[in-house]
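The letters A, B, C and D name the chains in turn, as written, and every chain counts its residues from 1.
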Amino acid sequence: MREKIGFIGLGAMGAPIAGNLLAAGHALRVFNRTPEKTKPLVERGAEAVKTLAEASEPGGVVFTMVTDDAALHDIVASDGFLERLRGGVHVSMSTVTPKAARAAAKRHADAGSDYVAAPVFGRPQAAAEKQLWVCLSGEAGPRDRVRPLLSDVGRGTSDFGDDPGAANVVKLCGNFMLAASIEMMAEAWTLAAKNGLEPEEIAKFFGETLFSAPALKNYGATVAAKRWSPPGFRLALGLKDLELVLATSREAKAPMPFASLLRDRLLAGVARGRGDLDWSALAMGAAEDAGLP
Amino acid sequence: MREKIGFIGLGAMGAPIAGNLLAAGHALRVFNRTPEKTKPLVERGAEAVKTLAEASEPGGVVFTMVTDDAALHDIVASDGFLERLRGGVHVSMSTVTPKAARAAAKRHADAGSDYVAAPVFGRPQAAAEKQLWVCLSGEAGPRDRVRPLLSDVGRGTSDFGDDPGAANVVKLCGNFMLAASIEMMAEAWTLAAKNGLEPEEIAKFFGETLFSAPALKNYGATVAAKRWSPPGFRLALGLKDLELVLATSREAKAPMPFASLLRDRLLAGVARGRGDLDWSALAMGAAEDAGLP
Amino acid sequence: MREKIGFIGLGAMGAPIAGNLLAAGHALRVFNRTPEKTKPLVERGAEAVKTLAEASEPGGVVFTMVTDDAALHDIVASDGFLERLRGGVHVSMSTVTPKAARAAAKRHADAGSDYVAAPVFGRPQAAAEKQLWVCLSGEAGPRDRVRPLLSDVGRGTSDFGDDPGAANVVKLCGNFMLAASIEMMAEAWTLAAKNGLEPEEIAKFFGETLFSAPALKNYGATVAAKRWSPPGFRLALGLKDLELVLATSREAKAPMPFASLLRDRLLAGVARGRGDLDWSALAMGAAEDAGLP
Amino acid sequence: MREKIGFIGLGAMGAPIAGNLLAAGHALRVFNRTPEKTKPLVERGAEAVKTLAEASEPGGVVFTMVTDDAALHDIVASDGFLERLRGGVHVSMSTVTPKAARAAAKRHADAGSDYVAAPVFGRPQAAAEKQLWVCLSGEAGPRDRVRPLLSDVGRGTSDFGDDPGAANVVKLCGNFMLAASIEMMAEAWTLAAKNGLEPEEIAKFFGETLFSAPALKNYGATVAAKRWSPPGFRLALGLKDLELVLATSREAKAPMPFASLLRDRLLAGVARGRGDLDWSALAMGAAEDAGLP
C-alpha cells in the first residue's frame, strides 16, 4: 500500500505536481493558505487539512512548494510542524536560497526529521505534463526514500549530493541563465531589427542551429514575437529569483555582473508596471533603449 | 565543366574551406599574403597566383576569408581587383561589419560585379568536416549562383535576403551570443564552485536538460574544465569581433549592455596576456573576481 | 543644568562623537557590547552602564551608532529599552536603510517615544575634530530638541524633514556617490597610467580644477598613490553600505546600474581578501583588469 | 609686433577662443568650412582665408578646433597645409584620441613643423569669458612658444609633458568623469525622489558639502531641475566623446566598465531622439528605468 503524503502550497506549480502524485496513486493530505485551491484535488480524492502541521504524519513525507525563503521559514517554524514530522522527510521544492535550505535542514535534523531540497525546472504546463526536471540534494537516506515519488512528478531527477543547499544552487544557476539568455537574445534581435531584419527569422535560424536547446528556442521566439502575456512565469517572480541569485552571490563571495544587470532590467520592468507580464518582457528594456516602440 | 574559382585568405578557416572546394571538384586559384600557405592546396591541384587581382577571372567567382573590415577593404581597393572581376561575384566569408559589407557591395555594383556576404559559423575543425553553417545575403541573382558552391563547404546555407549587410548582422549576433553564453556559464559555474559543487557536474546537467544545444554543451564543458588551450578561436579575435558588434550597435543606435560587458572582459583578457588562449578564457574573469585561483 | 545623555555603540565613529558630547559639558551614560571600550570615556567622567535599557532615562535622549539594520533592531527590541525611554528621543546615527529607520520610528511612536535619524558624513578623524556633516530627519519636535546636541558633534546639521527614513536616504546616496567617484577615478587614472602619464599628476590637476571638492581630492590622491592602508573606512563595510543602497533601490523600484557595478567591485575585493583595506582599494579592480600589477 | 595667427574651426568653442586671441591684440587669419561664420571676426579685424593652407604662414602658429579625429586628419592631410606650415606650430585644441594626436605629431615632425595638443575644459560661455582650463603637451620648444598665447584664451594652462597624446588623455579622462558624475547623481537623485525627497534639496546639500566642486554643483542642479535645454554640450557630442574614451581604452588595454555603461546611456539617448539636448539628459535613463515620467 502506498503511504499518505502531505502537500503544502497549491499555487501555479504546486497544484499540478500534487495532481500528478494523486494520479500516480498516492493518498494526499493537502494544505493551502487560500483553502479553496484545495477543492479540485479534494474532488479527486485528496484530504484537505486545516493546519500546516496536519499535512504531515509521523515518519511520513511532506512536500512543500512556496514562494520564497520567508514562506519556507514560516512553515518550518509553524506550530507543531516539526514535532509532528518527527522521523519523516520534508521534500522542499521551492526556489529558495541555499542558505535558507541549509538552515531548514539543520532545524529538521535537530528535531529528528529530514529535509531534502527538490527544486524543479519547468513551467506550470510542464508540471501538468510530468515534464519537470527535478534537482535533488540532502542526506542520502531520505534522498533514496523520496526518489521514487519524484519520478511521479517529473521526467528526470538529478542528484547533487549531501548538501541540502546544492540543489537550490543549481536551480538558481538555471534561472539566472534563462534570464541571461532572454537578455542576450533581446539585444541580438534588437540589433537585427534595427538593421532591417525580421527577429522571427533570426530566432528561427539560431533555434535550429547554434542555440537549438528547447529553452532558448522558446524564449527566442517569444522575444521575437513580443508575446509577454499570458505569463508563464511572472516578471515580479523573476525579479525575486534574481534577488535570490544575488543574495547567494553575496554569501558565496562570487560577483556576477550579468546577474546584476538582469536584476536592474527586471527591477525597471516592475517599476514600469510590468510585474504581471511574463518575465521574458525584460526584453523590452533593450528594445526601448534602442528607440523601438 | 566546373568553373575556376578564386580563393583569397588561407588562414585557419580559409584553408579548410578552400580544401573542400577542391575536394568537390572545383578548379581553384589561390592567393595568400604569406605565400607558403598556398602550398598544401597547390599540391592538391590549386594554382597559386601572385596578386589579388589574378585570383579572379572576368565573370568568375572569388571567395575571400580575411580578418577584418580593413583587410576586406584592402582587397576591394587593390590594384585591378574590381576591374578584373567585372561580371563576376565576390563571395565574402569574413566576419566584418554590415557597414563594411554594404560599402563593398556598393563598390562592386559601381564596377559592374556583385558582392554577396557569406559569413560562417563553426570552428576550423567544423570547416574541415564541412559542418559549417553559412549565412548568405546580397542580390538574388548572385545568391542563386553561389548557393551550390556554398553547399560544398557547409552543412546548410541560410538565406537572409537582399541586404549585403544582413548576413553579417546575423554572424555578429551569433558571436555575441556565444560570448554571452560563455560569460553566463562562467558566472554560474563559479557560483556553484564556491558552494562546493563540481562545475563539470553542473555543466553536464544543463547540457543535457535546459541548455542542450551543442554550442552551449561544448563551451559549458570547456569552462568547467578550464581548457583554454589549444585555442579553437583566439581570445584576441573574440575581442575584435565584440568590437565589431559594438561598432554595429553604435551605427544602428541599439545599446547592448551585455556586449559592453563582454568587450571589457575580453579586453581584460588581452591586457593580462591571454590573447592567444581560446576566447572561452574570458571565463577566468568571473572566477578571479570570486577569489578562485 | 545639562541633561544626562545616553550613548550606545563606541566603535571607530561612536567613541569620538561621544567624546565630543562629553567635551561639550554633557553628562554621559555609555554602553558598548565590548565593555572595555567604555574605559577612556569613563576616565573622562562618563558613567558605564550594563544594559542597553540603562543607557537612557525616562524622557531623556539616547544616541546610538551601530553597524547595520540588524544591530539597530536588536537595540530597539532589547529588554526594557523602549519602556525606559518613554517620552524621550532616540538619536540614531547609524547607516541603516530608510526602511529600518521607518520601522524603528513606528515602534518608538507606539511606545510613546521619538526616533530621529541623524547619520553623519566623515571619517573617524573628522568625528574627533567635530568636522562631521549631520543629516537629520524625523518628527519636528524631537528634531528641534536634539539639534543643539548635534551642533556639539559636527560642523553642520542639514534638515531633511519629517520622514525618519529621509536622512538615511541622503546618507546612502552620499556613500554611493563616494564609491562611484573612487571607481571613476580608478578607471581614469588607469587609462592615464597606461598612456604613460603619472596618476598623481592627473589627480592633482583634476583636484585643483573640475573636481576640486575635498572628498574627490582626497580619494583621487589616495587612488593615485595606492594608499589602501591603514583603512579610513574598511572595504567590507563599504560592501555592506552598497548592499544597503541596493536594498533601498529594490524597495524604491529605482534601478542603479553604477551601484550594481560597485557592489560587484567591492564583493570581488572581499573575495580576494581585501576586506580590511580602505574601501578605496576597490580601485584595484580597474588596475588589475588593465594588467597592471 | 605680435605675429599673425591662423585659426581654423569657428564652431561653438572655436569662435569665442579666436575672439579672445583677437581681443588680446593678435592679428588673425581665420578659416571655417561654412564661411559666413568668419564674419563676426572679420568685422573685428580678422582676415578670412579661402583654404586651410592659407590659414598659416611659414614658421607661424595655427590653431585648430574641430569635431573629431577625422576632421583633424582632413586638415593635416589637406593640400599644402603641412608644406606651408614648415617651421611653424600647430596648436590642436580639438578633443581627439591620443592616437590621432600622436599620428598627427609624427606627420608634422616629418614635414619639419611642430604639433602640440592643447584641448580645453569649459563650455562655450567659459570660452567667451576666458575661463577655460587648457591642457598642453608636445615637444618642449613649441610648448614654450605657444604658452603665452594660451594664457590669452584660458585661466590656466597645465603642462603634461612631451607626449603629444598626453593632453588628450587628460581631456578624455575629464569628459568621462563628468559623464560619470552626471550618471551617479542621476541615480542618487532618482533614489531620493522615489523616497519622497526633493532632488533639488539633495543636490544643494551635496553641492555644499562633500561634492562642492563647481562641475558637480552645476550638473547636480541641472539634473535635479531636468534642465536639458538649451544644450551647453550636445548629447550627440557627448556620445562621440565617450566613443573616443572607449577607443583609447581599447588601444591602451584598460577596460572601463563605467565608460561602457555611459556609452550605452548616451547611445540610448540618441536612439530616443535626444541628441540635441544637453548631454546631462543622459540622466533621463535612470529616471525612466525607475518608472518616473
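The rule we apply is simple: a residue touches a chain if its C-beta (ideal position, glycine included) is under 8 Å from a C-beta of that chain, and two chains touch if they have at least 3 such contacts.
All values derive from a computational prediction rather than experimental measurement.
Of all chains in the assembly, those touching chain A and also chain C are B, D.
Most remote from chain A, judged by the distance between CA-atom centroids, is D.
The pair with more inter-chain C-beta contacts, choosing from A-B and B-C, is A-B. A rotation of 180 degrees, rounded to the nearest 5, superposes the Cα atoms of chain C on chain D. Note on chain placement: the centre of chain A and the centre of chain B lie 38 Å apart, centres being C-alpha means.
The mean-CA centres of chain B and chain C are about 53 angstrom from one another, to the nearest whole unit. Residues of chain C in contact with two or more other chains: 249, 253-257, 261, 264, 267-268, 271, 289-291.
Residue ranges of chain A in contact with chain B, taken from their complex: 98, 121, 133, 135, 156, 158, 160-161, 163, 165-166, 169-170, 172-174, 176-178, 180-181, 183-185, 187-192, 194-197, 201-202, 205-206, 209-216, 245, 248-249, 252-259, 261, 286, 289-291.
Chain B makes touch with chain C in their complex at residues 264, 267-268, 271-273, 285, 289-291.
Of all residues in chain A, those touching chain C in their complex are 243, 249-250, 253-257, 260-261, 263-265, 267-268, 270-271.
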